[in-house]
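Two complexes are shown next, each including chain A; its partner changes from chain B in the first to chain C in the second.
Let's turn to the complex of A and B:
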């Protein structure tokens, strides 16, 4: 009896230690829960994270990012670089070679024509492709032979890894999608709901905004993977319910984006059926300072435009004082727990780009007061500071409706009141705030407030386009239907020069230096952007699900082919 | 009766047209844009092109007329084609959802079974519980049974379903582990085992909704019974020497059912509307969850079509209730 138990124990240990020995489909079913349900399985027609991530189980790009943000080949045989000759010396072309013997899930071979077609599909002018930015600057994509494609850029591109890299620009099958170009894209429901792919799974059933059923792809390139025979991706409900289904009832194996408050996190952990995993990317919750005057007394069309500078936020000392008064550690504790950490950087990651800027992490109310005194603002009879010209430090602070953001607003208002700044709070429905409707006064681009709060990040690992948003010609205004990305209306020729320099620099160390320099200019030197919290991803997985590695640089389901059941 | 019904049906047409216009304007003028669903990392030009491809940038009258044409011409033709194998609708554009870029009606048809089984079953269970409770509460007015019935009805009516739903999940799914907290919409009932699984997953959502429905209907039933129990014809029936059972269940109940039947009939359209909150809590993903998801994503074609279908159902069931009224009560004649 004892021997039998010992043997069984040994077997169990062996099974746990060597999951890779499992054969395809030997681990049965895995249940995944997305609190936002999947609407479509074609990332070219939807930019929603949930749609892109679940599609990534089925269709794949040439290369992806791993959990550290490093490139690794998926359909490509290797990553083209300057050293191996895949990227041309003048940085205008990149040549990809497909792995040998790749098959679509219907058994037909993957060829370079499919890659060329994927580019044509997304860049068709009438298609409304949601990922068109991935192909920006691409002049042409040609098939050199059956397995080789050459991408030519219209100008030298220091970072050529945008087209066909990452889950937002996958390769789709030409044979399946060839009648779906341009305006016809939206009418191809069968294709959009059941793309033929090269990924570890293929769709068996799709119910819009409800459930996706998948089975192991019989033609997947690694004959031993995936370990699971079927996958169910259920959608709907809320983050707390999703976390509960993994952590407390154990009905699901994996729950995506279980962003819940720290108190609830602790309570769920006590359920003992699963664990939370977190990882940090580039998403930063920040306060943006308006450098132009949003006063309602100005005529419409001139509010918050460069015509009228802000009465006091143009003074760097005032902005710095506002930043100093904030206790970022407390904000994290209240709002995010494990899923956040205080930051002073606009670009908090990848590591090589992150500046060692930590000055803002300690709150300094007295210092802030002194700085405001220095700037000429002294407390008036009601405690609110006024300067000699009668300018009162009174700010309108807006953000979207969201429980965490309202907590942040209340805390920050209290600190700002303490240093003698009057604060009026405003919260706007997210559908309006982020809706970008030029007719609405409440969009974050229009910025009819003195300061506003939201979160933003950049796609992939290269911060260049993100930092290039702070150019003078990207300031939103009536002449461009308020569509610019330079929300603060920041305009500095020295910064512009750095943006131009970055676009021409290809050495990675030099690029990192430039990025840090630009990050510091926007944050600790000018306090135009006041970063608060580096927001991580928080997901939950069952104790019986092995192989989960959370990845913030690409789809969260990036290594699902390596997931297995812990028996 | 026939001419009355016909007249009402004809009158319903302009009513529905006005309703459709009002809904369209309300939905369209409401703040919010589908662009809010696009992440900030997507550049402005790409954003514009996405909206253009959706057709969200067309002027309002163009979109309204297009929707009318699609709803009243294209979709019926598609239905005819699907039934008779014809090809009238070939090349015509159907109403497409902005979220999924797929025909709105396909999604609705896909969702209908879930809603009808869960919300419909809850309605049936609710009615079956409510009627006996209402009858007995009225018959033994102010007894302990009536008091408890009143209390439960008040609780059921005033406690919101997101609260009862959560309490039931915590007790029966988390602590006891008897029932699942998440509804599996792809479960097919093929044998005894899958039937049991289906029943188990329906228990919690049905219980939440049935409590709510039952508390409402039992109050109507009780009030209506009380009105009739004190009538002269009841005394006459008793004086004739009829048994108590016959007096209550035959004479009083029949007369009391008239207003209750109307209430029940008018409640049927709400079944199709789904139970927005309960569906969300248990992830039943029926029509209610579809509507709320579409509203959050500013998916105008979906919201517009769904709300209009609800309007049609309400108009139809109002008519049915009126006709039923005439059938049940011989004193009411519409001619």
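Let's turn to the complex of A and C:
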């Protein structure tokens, strides 16, 4: 008995040690399915997630984000910080040092000139770089020596990790791309379809909008990785088809973004060939309350502007009652299954920024009714609450056309009807709703409704710009072509002060405190934003594929060099 | 025994009214009879059905635990057609949806027939109006239908919803939109018929005794073109129902919690693999109504044409 246990233990250890013992290319081929096909392998010329992620197999940045949102070095020897002197005291420069002995997949050495060139390539005035935002505020990038680059910002930058960090700003080879600057960028087909990189794989064949064939990079910095000799990335189909190919038929080892309804998830899991992995980022499905009056009886140009406050949603008690009537657990159950979790936070992640606010998770219909009574709204003859001034609690609730959102609308309408609020539903074509056309009355910015529902998130791990959207001067209106980001028309001097304080705070713990405070102001204290569901990313991988760690902060294929075949 | 009682022959049979004649002919068309039966059955299902089956089509169980259990149920005595992904009763939804779809089909058809006949008769009878009216018809035919509908919905939805309520406003908007964009075929057919009829002897005779144009049209021309109008009308019902489905598909039709057959179909598509019944029922209803209406049209055309009648 004891011997058997010991043997089993040994076997388990051997199995766990297996990936580490594997040598490069020993595990054969891995098939990856992207339900949107790849059209280019240069992330600087495409903002499509699928293009950025697949190119991350080939080209890499200096540093990336791991699954917790922490920085880790890729091509850099270490992460520059204030402590190690890599970031200057005045926050205007950051100095990166490359790892020693890095080689491109064609065998030539990687130098600081390539890093400088990548910046020049993306910021060339004649070129339309899709990732220009990553280099915003960068004044210059200079090569100090063969392996050192110094990035200088035009103003102090509390978060200097934007340029050359993450899969959207990789390092490209100067020798290959030097004739592709500016307007010539898009014409360099050979380069854009087959970049020379430092990543674990290199392209062997690329059929645009169809399939990418790759093989292990012989010059990859870790001689034992990657475990797979070849990779095939196939594109096309839809989320359900992609999930089926992994979970039921087993044709593919990994499928990206398999967002399907919970019932179908359960059915596919029964297929037994694979499993779903989910990870939660900052994408929050929420209801936004309009603090201004959207009444169609107001003249055009004054509807939903700060000139006319909302007749009843300006009362915090009414907003709170509307939030209390919602059963978020049920919404998740109906709409997202494993791919969602109920939340009360506008900033649900990264962990250090997430407030411990969970009051809203239990539905409280009676409490909501009592709160409305307290606010002076009593049921009228038709059951709809009216206050002494004759203001009826009647809301127009809009969102985009999407099966899950329509289910949410039906459920929430039912709950609100129960507490005596009349609800009219409206669903708008997503192209129009999110289109931002100032001439259309149906955009989410115009907000010609009392409440509306959509999902939003922030880029990267720093919520500062996201929270700064709720400033008074960012209210959309006719004077700024309805382009503001402060959708609720929220305006609070105390909040503004916190935004200013956050911009000047460097210490990470203090920043986290401020972010939590601001999150609570918008959600549990005022209920201006009513978060419903924290929507995760859901992908599927085969039971025989090991090492998959889903990452929402960077490319999903961030650790593809560690993937292996479970034998 | 040679005294055979007098047998009246067909020609001296008691004269029957024109409509009895039509019905007698209609009865001989088996497809049309079945079509009529199906059509009447469907109309009764959506109009009388809700009085018998009183569950609300939008009722969701307020108790979360019970609601989860009542989702996606197969057919049972509590819910003969099962329930949908939110536990709403599919039978009640089919009835409510059918009311809207059939009403939209009929009203839009009436609008487009009135318009089409008017334009066709005017263009065919009055030579001077022919050119302009037919060019107008060409213009409407050349207009892409869906974008036009989108613009109309965007421009008029809010003002109409304000004066007639969201459902009433949308109904009026949709039937008008479908009506004014589907009269062109009817107008062309009617014009052709009128052009031919106008040269016939009985019209010439009427004109020679000084009958005014209005009377000639009403008395001699319209009764003779009833059969092509009927046929395009039946086809019109079918295409109106389908257009409404398309609009619901795009989220431009009725409010999302307001079931129509088109929307039920749209909602069901996502669940087609797990619960095929969710798409089969509304799909079947749309197909049945379209087919039955087409057969009725076929039978009516035969019955209304005196040259075919009796043969």
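The working rule: the second predicted complex is superposed on the first by the 534 of 567 C-alpha atoms of A that agree within 3 Å, B and C clash if a C-alpha of one lies under 4 Å from a C-alpha of the other, contacts with A are read in each partner's own complex, and residues count from 1 in each chain.
Rule of thumb we're sticking to: a residue touches a chain if its C-beta (ideal position, glycine included) is under 8 Å from a C-beta of that chain, and two chains touch if they have at least 3 such contacts.
None of the values given here were measured: they were computed from a predicted structure.
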Clash-or-fit label for the pair chain B, chain C on chain A: fit
Touching partner for A:549 - first (chain B), second (chain C), both, neither: neither
Touched partner set for A:409, first chain B, second chain C, both or neither: second
Partner chain in contact with A:327 - chain B first, chain C second, else both or neither: second
Vertex chain A, arms to chain B and chain C (CA centres, degrees, nearest 10): 40
Touched partner set for A:440, first chain B, second chain C, both or neither: both
Chain B versus chain C as contact partner of A:213, first or second or both or neither: first
Touch count on chain A, higher of chain B and chain C: B
Touching partner for A:497 - first (chain B), second (chain C), both, neither: neither
Partner chain(s) touched by A:184 [first = chain B, second = chain C, both, neither]: neither
Contacts of A:155 with chain B and chain C, given as first, second, both or neither: neither
Partner chain(s) touched by A:264 [first = chain B, second = chain C, both, neither]: second
Minimum distance between Cα atoms of chain B and chain C in the superposition (Å): 6
Residues of chain A contacting chain B in one complex and chain C in the other: 429, 440, 442
Contact footprint of chain A on chain C as seen in their complex: 58, 60, 62, 64, 67-68, 71-72, 85-86, 88, 154, 158-159, 162, 166, 250-252, 255-257, 267, 270-271, 273-274
Partner chain C, residues of chain A touching it in the complex: 240, 261, 263-264, 267, 296-297, 327, 329-330, 333-334, 363, 400-401, 403, 406-407, 409-411, 413-415, 418, 424-429, 440-442, 448
Parts of chain A lying in touch with chain B, wherever the complex brings them together: 33, 37, 39-40, 45-49, 125-130, 132-133, 136, 183, 185-187, 189, 192-193, 205, 207-211, 213, 232, 234-238, 241, 244-245, 248-249, 251-252, 271, 429-437, 440, 442, 454, 456-459, 465, 483-485
Interfacial residue positions of chain B with respect to chain A in the complex: 31-33, 35-54, 93, 96-97, 99-103, 106-107, 110-111, 169, 173-174, 177, 180-182, 184-186, 280-281, 283, 285, 289-290, 293, 296, 298
